[in-house]
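All chains are identified by letter, namely A, B, C and D, in their written order; residue positions are counted from 1 within each chain.
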Amino acid sequence: VKLWGGRFEESITDAVERFTESISYDKQLYKHDIRGSRAHATMLAKQGLMSVDERDSILEGLDEIERRIESGEFVWRTDREDVHMNIEAALIDMIGEPAKKLHTARSRNDQVLTDFRLWCRDAIDTILDAIKYLQVSIVTLALKNEGLIVPGYTHLQRAQPVLLQHLLLAFVEQLERDAGRLSDCRVRLNLCPLGACALAGTGLPIDRFMTAEALGFTAPLRNSIDAVSDRDFALEFLSANAITAIHLSRLGEEWVLWASEEFGFITPNDSVSTGSSIMPQKKNPDPMELVRGKSARVIGDLVTTLTLCKGLPLAYNRDLQEDKEPVFDSVKTILGMLEVSAEFAQNISFNRERIEKALPAGYLDATTLADYLVKKGIPFRTGHDIVGKSVALCVTKNCCLQDLSLDELRSISPVFEEDVYEFLGAENAINKFCSYGSTGAACVATQIEYWINKLQINL
Amino acid sequence: VKLWGGRFEESITDAVERFTESISYDKQLYKHDIRGSRAHATMLAKQGLMSVDERDSILEGLDEIERRIESGEFVWRTDREDVHMNIEAALIDMIGEPAKKLHTARSRNDQVLTDFRLWCRDAIDTILDAIKYLQVSIVTLALKNEGLIVPGYTHLQRAQPVLLQHLLLAFVEQLERDAGRLSDCRVRLNLCPLGACALAGTGLPIDRFMTAEALGFTAPLRNSIDAVSDRDFALEFLSANAITAIHLSRLGEEWVLWASEEFGFITPNDSVSTGSSIMPQKKNPDPMELVRGKSARVIGDLVTTLTLCKGLPLAYNRDLQEDKEPVFDSVKTILGMLEVSAEFAQNISFNRERIEKALPAGYLDATTLADYLVKKGIPFRTGHDIVGKSVALCVTKNCCLQDLSLDELRSISPVFEEDVYEFLGAENAINKFCSYGSTGAACVATQIEYWINKLQINL
Amino acid sequence: VKLWGGRFEESITDAVERFTESISYDKQLYKHDIRGSRAHATMLAKQGLMSVDERDSILEGLDEIERRIESGEFVWRTDREDVHMNIEAALIDMIGEPAKKLHTARSRNDQVLTDFRLWCRDAIDTILDAIKYLQVSIVTLALKNEGLIVPGYTHLQRAQPVLLQHLLLAFVEQLERDAGRLSDCRVRLNLCPLGACALAGTGLPIDRFMTAEALGFTAPLRNSIDAVSDRDFALEFLSANAITAIHLSRLGEEWVLWASEEFGFITPNDSVSTGSSIMPQKKNPDPMELVRGKSARVIGDLVTTLTLCKGLPLAYNRDLQEDKEPVFDSVKTILGMLEVSAEFAQNISFNRERIEKALPAGYLDATTLADYLVKKGIPFRTGHDIVGKSVALCVTKNCCLQDLSLDELRSISPVFEEDVYEFLGAENAINKFCSYGSTGAACVATQIEYWINKLQINL
Amino acid sequence: VKLWGGRFEESITDAVERFTESISYDKQLYKHDIRGSRAHATMLAKQGLMSVDERDSILEGLDEIERRIESGEFVWRTDREDVHMNIEAALIDMIGEPAKKLHTARSRNDQVLTDFRLWCRDAIDTILDAIKYLQVSIVTLALKNEGLIVPGYTHLQRAQPVLLQHLLLAFVEQLERDAGRLSDCRVRLNLCPLGACALAGTGLPIDRFMTAEALGFTAPLRNSIDAVSDRDFALEFLSANAITAIHLSRLGEEWVLWASEEFGFITPNDSVSTGSSIMPQKKNPDPMELVRGKSARVIGDLVTTLTLCKGLPLAYNRDLQEDKEPVFDSVKTILGMLEVSAEFAQNISFNRERIEKALPAGYLDATTLADYLVKKGIPFRTGHDIVGKSVALCVTKNCCLQDLSLDELRSISPVFEEDVYEFLGAENAINKFCSYGSTGAACVATQIEYWINKLQINL
């Protein structure tokens, strides 16, 4: 018999029970559910809605239930629908009458949201740690490869030379904003729905500020209908994860490219590579492919939950039960993606020689040459055109810009002088960069310093 | 040690193993994987790539493994990554050398797609049955409520009277097209990738037509690279499910509305309703709310897989491992939705009296009145205007159209005559409909007949 | 000839030109593009990269171009691809040589992001105003309907009585969080990419802090590669809009329900309703249906941009050109939704009489009755059961809880006393609510006061 | 005054008019709207619902309106809301009374769906042509590069050698299934809603079979409520486009990779490349980047429309007005993607020399070597291990498999014999493939032949 069974004469069919149960996944809220019940019982006793003895009996019972759950003794029952009913019914089985007072001035509507917000708050803290760990891993990788120049790409075409450190720090910057979004989300969700009851609050003399404080919330939510009906905190959390996932998918793509025979920038260790069941020579950067791939499900989880909430009337609707699985999946996935990316960063080595050999290809110094012309007083657009023609000459001659003779250069523009060769070649080009945030060695060193301090990396 | 471990010196980290494993979910392909291996071994023996004794040993081993899996004795190992490696390695453990020949002229790339296509084919057949079962349930519900007139809505405003049967058959039509999409998808996916190997085929003398036939496929896929790299069959399947889910979400919305106090059209039985943990009077149509809500995850599953495949280069990439969970989830969800909708249809009763009492509200006969004027030779646009004015008069007088006196009607237009009253009131209005596909009683009876025959319903 | 044409010998085909152009939509960035160019030219002159005369000539030219655009004289050319090239080329046409210096130490990569961030910043400010306007409209509607009790729903079933004011304020709370998300997004995006150039910065002596300040940005972005390659600011903005859209879709659903004949809570004015081309009596709440519907495209815009960015390597890729249209569409749509919702709020009246007449249905006081039993010392679970039985009795007798005699109540539980009738009926029930955030009259009055002050509404 | 204005006393506000109008985009349905009206008028006359003179007057008026629209003389009015009302009202302005009969037995609900299905049918036909054109372009590209061997990749790691023709045909196969999905969709949508009227049909003696036939539909839709409320035909169309877009995004990724300096497989002509505003040497494969990027909006369009339809009650709701823009956008985008991909295919050349030089890298022949061992009677798993060790030896020695001496090979396994060298090297490896659908030269030649015939390519 269901705890809500008073006016019901017939029990639900098996198919309906299977379809509507949530215990198979919401049991992972047990810790937060018990924590909420503790705070609630303590408050009810303080407000005279149960006796101190009843409270103690409940608190001891909850301790025992938590112990049983963690030891694996607790039997989860599908006919008890969800984590709340399982725990409450088990408590009634265990301690009897006092347990029947626990649900005073509480509904599953506010209870589940209390649990869920607590769970999300913990999850955000865990993700924030994992983000920082990945940032540290990337900065550490950068430190190991000081001075390495690699081609910078736009359109996947070689564009300008950049310091590897500079490029790696771009990912650290992205992750920092990801953390910022999560922190903002944490502030906004850290309000307490407990006491909103079904949707309207209660006529019993509860103290919502007391429970809110006991559970570490900033304050109780101001409007009981809003408290039980909205899921924007979950949507914001899922959005933040989706954006982080996008960043990681791009890191994945980058590193898969770098590990290819064609790019040949990095060699992953065996410990982060896998082989083929048919092709004996294969050594694949699977973890980063999967990081890229799993970003899709983090996006899917967001879409599911947005679609879920669209067009629902106030207040609680059973549809909203479907809010938890996407969040659980999103959190589990993003944590795996962050962890594995960090491990990958710790287990790759850069093929310095091969990169250096390949660096002359692609006219990476062309823009530096255009800047040279600007310094000589040529308007940029004209300089762009002159360099364009110089490149065209190189293509014909199948050579690099620095291979052109001064005569050849002067045949294109008389402005070229002997000092032009100080601007050509990837290394010269890198040395010229000086703007704030640029790939110039000094600028990058400052940024590296900034992140070492900010992330408190011990060298 | 991994089966692909030849050139590897170090094993993968725990985090990578956890992140890249698929055995936790792809083990549900075991039946299809074994079926594929049986066909493959049989073909290899036929082609002289293994002996008949080796084949028999393999077939017996596979039988035993299947038995162990189904009895729960089989131990799935995460370090063996996936269903294919688990079964192959167990076979090697069990029968030794001959098992090492099973993977001849086969890669996991073509193997997993063979399994997955077989699984999808079975899943489609199951869904087709469930669709038909829901159609039968809806037609049966219609048969129980012959002659019942309900308001038809547009913009959720009362529009015209319709026969409940007519309205219910709209859902049956939708489901029929859903079945059509699945059938088309089934034809398109029923081609065999086995023998495409890693991506390029093989130099060994296999017979792909033989395995294709043994597995019930129409033919082998024509291009080995296409065979291992594309997932459009999954995308098409997920799309078909998403559209079905949209239809069911609309059915859900409809029935949730009808079950509200305000509409009051239906009363669900206790067996398909649930109660509230705090509000003792509540009886909620939860199954249909969840049908509506779960449509979101079917959409999310599609989005996940589309996003997953976007922008991947040929041929197989590890990202594609993520193709299965969304499909498994989509299928499980859509089957639950179909089943529960059918149960709901079998467990509601229409409140005929209450509906009849409420029917006069909303000027459902206004359009029939406009048709009356057309029959009197008034251009429709003019007739529309005349009826608009008549309704405005009713609003002022707070009455129905049939309550207006002939004088009042004639004050708006002299065309009205005594016979106008044969067109007013919901029942009169219904009786006037005669166009093909309309809600007229004769038309609806024909449609009911059509579906009884088509669905082979025994009365 | 393209401005980048130096090394090109052939022009692009018509189909490619049509497919790759962005001028048809990015021209709406013209104001921000010109503003950015002004700041850039001023900085270049200050840094000695152009003369003061050249700067003045450029600034005057930009003024003239802006004037021509706003007067409609400016001719946008598809062969000039985008807003940047159109304006720069027009400037060259107009003032000649000095204009060729404008693109010094600038690439379209950093230029477009400067424009786009400025545009988004303005758009956020506009949306924040529109959100506040809707909040004011809803609070004003609440003020007009003081004391009105309506059924509160869960599962679209009548649950408990609530004050309409309380219910309306739930939407005001949601909108406040929407504003919070946009404000956080604004802070995070208000950093300046200008000077990042193509991806690596520049070797010319520019002052990025000067341009950042001139354009109202907090600071220049720290890493040039990050600056030109990431779009997370757009994703965050689109996410915030999507969540707002979800809230508005729920408001739309609510008001469409309320406007139905069955609910009959509100009557919209003709000024926010539309009619039917065939059914003369129809008066449809179209604006709110469209608010609900248009939420879908705001979600679609987010999905488009997430999918777009997924798996792209660093730094800029042409794919990213597709980032603008979804943002433009999202902003336009959300502004329309907010505006029209406010107008709807201003143009509906509540049917107080009809609501009051319908209020007794649905046992809205059942939970209050359970609270009554708790106050008498009955454990809540037992009280829930007693009330469940009382409701069952009412269903049998087809009456309300307050219609049960004391004897009848006592036959269910002896705890009932004469004072029970002070807890029955919607009005009594409302009067009992007292918890913080509840629907009790005093609580709601406090909240109304809070919002009047916060939104600075003049009464 | 609106055509539906009979009972309305006040006009809608400007904001509502702007928000609810659809004329800005649905005017592109004009041709199909007029075609539908012609068929409808002809039928009405045949059925005696208007005179022959009235019909002729209407048909002439419609001709004139079509002429004015196409010449640009027609003035579209936002206050007339949509394409239907614009044309009908213009007809009334032009020919007076008879035009008021045109809307007899028709609602905008069935009218817009007639237009929209006709439009989609045309769009499908156009896309089918574009798909075929791209297939022909790819096959032609394949024909130009007969015999060219390229590395085949899995995990973006070199896997096995494949013939370029084989690889290109994989895309042709994908496109063929895309065409199949569109054809199935065309069959399913080609049914006529006209005569379903608002939702219930009509009492006037219309002939729905006559209009269906006149408009080229297979038959009228069977159920009037279904006819006006469902949008599954649009969802199916959008899904088919989304899957095609996924295929094209993969083609885009492939060709962007191939055009990179690192891969260096192809050189695009200037006519399909663009340059950089700052980097004079850049030549970017922009069209294919945009093909990849624009796939995102095709997916977004599908998500928008799925989300739109989710949870709507029967029958028509104004939300559904939003169904058209995503379909228009999806069609326009997919057509551009197909066209530009075809142009790209026509404008790239393969760098045969460079590919040949790079071919030895990556142990592409390792699997062929394993097959060699199988042929010698070694079980595949053992063979896989032996080749794995051989590759490890090559890695140590920094050489290719064919560079190992027979002694070295025999030190790993005594099975190796002199004939092993016939299996090593990419060319030898290619020559060994023989399975159906494999990359063996004969198999590929058969496939090329198949497509030349199927696509009727004239050589």
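Observations, loosely collected:
The criterion applied here is as follows: a residue touches a chain if its C-beta (ideal position, glycine included) is under 8 Å from a C-beta of that chain, and two chains touch if they have at least 3 such contacts.
In this text the structure is predicted, and so the values were computed from the model without any measurement.
Common neighbours of chain A and chain D (chains touching each): B, C.
C-beta contact counts were set side by side for B-C and C-D; C-D has more.
Annotation: 24 Å between the Cα-based centres of chain B and chain D.
For this pair, chain C with chain D, the centres built from the Cα atoms lie 33 Å apart.
Within chain C, contacts with two or more other chains are made by residues 3-8, 103, 109, 154-156, 159-160, 197-198, 257, 275-284, 286, 289, 292, 295-296, 299, 303, 306-307, 310-312, 317-318, 367, 384-385, 387-388, 391.
Residues 151, 153-160, 256-257, 259-264, 275-286, 289, 303, 306-307, 310-312, 358, 361-363, 366-367, 369-370, 384-388, 390-391 of chain D are the ones that touch chain A when the two sit in their complex.
By the touch rule above, chain B contacts chain D in their complex via residues 3-8, 49, 92, 97-105, 109, 152-156, 159-162, 166-167, 169-170, 173-174, 177-178, 180-181, 184, 188, 195-206, 208-209, 220-230, 232, 235-236, 239-240, 242-243, 246-247, 249-250, 252-254, 257, 292, 295-296, 299, 302-303, 306-307, 309-318, 367-368, 371, 374-375, 379-382, 384-389, 391-392, 395, 432-440, 443, 447, 450. Of all residues in chain D, those touching chain C in their complex are 2-13, 15-16, 18-20, 84-85, 103, 106-109, 197-198, 269-284, 286-287, 289-290, 292-297, 299-301, 303-305, 307-308, 317-322, 325-326, 336-337, 339-340, 343, 347.
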